[in-house]
Amino acid sequence: MTEKKIKNIFVNGAISSAFIADSIAKHSSKKEIGGHSIFLGQVRADEIEGRLVSAIDYTAYEDVALEQMHKIRAEIFEKYPLTCMHIYQSLGTIKAGEICLFVFTSSSHRKPAMHACEEVVERLKAELPIWGKEIFENGTHQWKENK
Amino acid sequence: MTEKKIKNIFVNGAISSAFIADSIAKHSSKKEIGGHSIFLGQVRADEIEGRLVSAIDYTAYEDVALEQMHKIRAEIFEKYPLTCMHIYQSLGTIKAGEICLFVFTSSSHRKPAMHACEEVVERLKAELPIWGKEIFENGTHQWKENK
Amino acid sequence: MEIEVISFGKIAELITTKKLILDFILDTDDFKKYLEETYPELNNIKYKLAVDKQIVQTNCKLKDGSVVAIMPPFSGG
Amino acid sequence: MEIEVISFGKIAELITTKKLILDFILDTDDFKKYLEETYPELNNIKYKLAVDKQIVQTNCKLKDGSVVAIMPPFSGG
């Protein structure tokens, strides 16, 4: 067995709906798939103490994040009978209303795709060294904290 | 309180990735949304006793299905703090590899969108009078059964 | 009593009748008994009825002109 | 011993040093003690270290030229 190549998950800037559509369309030739589960993270215009979030600026310790994701990917494929799994996380400044995370899992029957998708989102948020800086309309900022 | 209008969920033919992209894009102005959960059902080219499924032909008892969905929608909105929910089920002949179901839920935080999406898919399959006829390449057919 | 019949899915291949003139049939339990005698294949199919667009949960009365739908297990999605 | 320091997120606003020449520091526990004495604000921030791109789970040795990353709680997604 050869070790699989480490995949990049990072994209610069927001994830467009056209990119998502293209990813979905590419799976129409995989006729063993019965269900796709997709999670999209969208930047929220939270109001915090009277200040409105206008964007989140994402940075990452990229090499370490990709290594972690590689390990998580292997564990998820071990645990669920998936046909495929695609993960994209934005870096840089993503405006409120834009998509910053795209997790996409597919399987023959629906449950594995759904459960793997949820688990990947949880693990990505907890285990990948990525940081979001919430930029307020007035130019100030605070560091995002995941719950 | 006025009773909300019954929404149509049925579309004729397959659901295109462009339609899905458009639905996603429409949500960029809803800046209280933090997470979208999407489930897509894709027609599988199952092999059954040597015959390959080439398409599924969907029919429904439409009025009853829409009434049921209306009730389910109200119960899901009661149970989860969702921003929005969109459901599309294909009718007619959907070829293997094409999308026949699109469930799309959104919320401020990710968990309600994910859990509502899964619950809607389960309830739609169990409670809506819709039938899929699996058409084989050789022209024969059998009636699909949900698990 | 005249009953309008709609059937779906595999049952539509079995029951093609659109209208039934029935006497001695008062409710959905009677109707099911009639159906299963007339179409013995129905004994091997789980099915539900809907009367005037209401899915039948427990036995309910039929009236002249009722629309009865005969529905095999759902398989949408 | 020379240590290369990378810091992220809110810690990058606090610790801007890129290189540290440290004696008497043998492992990551020593290093944390040093950090928290030098930057008392770190006592109020949960953080993790990575040494040469390996996230530190338990105390581990440092060597000359090690790259130590100081990482506040992750908030991707």
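Chains here go by letter, A, B, C and D, matching the order in which they are written, and residues are numbered from 1 within each.
As a convention for this text, a contact is a pair of C-beta atoms (placed from the backbone, for glycine too) under 8 Å apart; a residue touches a chain by one contact, two chains touch by 3 or more.
Keep in mind that what you see is a predicted model, and the values were worked out from it rather than measured.
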| item | value |
| --- | --- |
| Mutual neighbours - chains that touch chain A and chain D alike | none |
| For chain B paired with chain C, centre-to-centre distance based on mean C-alpha positions, whole Å | 27 |
| Inter-centroid spacing, chain D versus chain B (mean Cα positions, whole Å) | 49 |
| Whole-Å gap separating chain C and chain D, where each centre is the average of the chain's CA atoms | 73 |
| Two or more partner chains touched - positions in chain A | 41, 121 |
| Chains touching one another, given as label pairs in label order | A-B, A-D, B-C |
| Touching residues on chain A, where the partner in the complex is chain B | 17-18, 20-22, 24-25, 27-45, 96-99, 106, 108-110, 113-114, 117-118, 121, 147 |
| Contact footprint of chain A on chain D as seen in their complex | 6, 8-10, 50, 53, 55, 69, 71-77 |
| Of chain B, residues touching chain C in the complex | 41, 58-61, 63-65, 67-68, 89, 100-101, 121, 124-133, 143-146 |
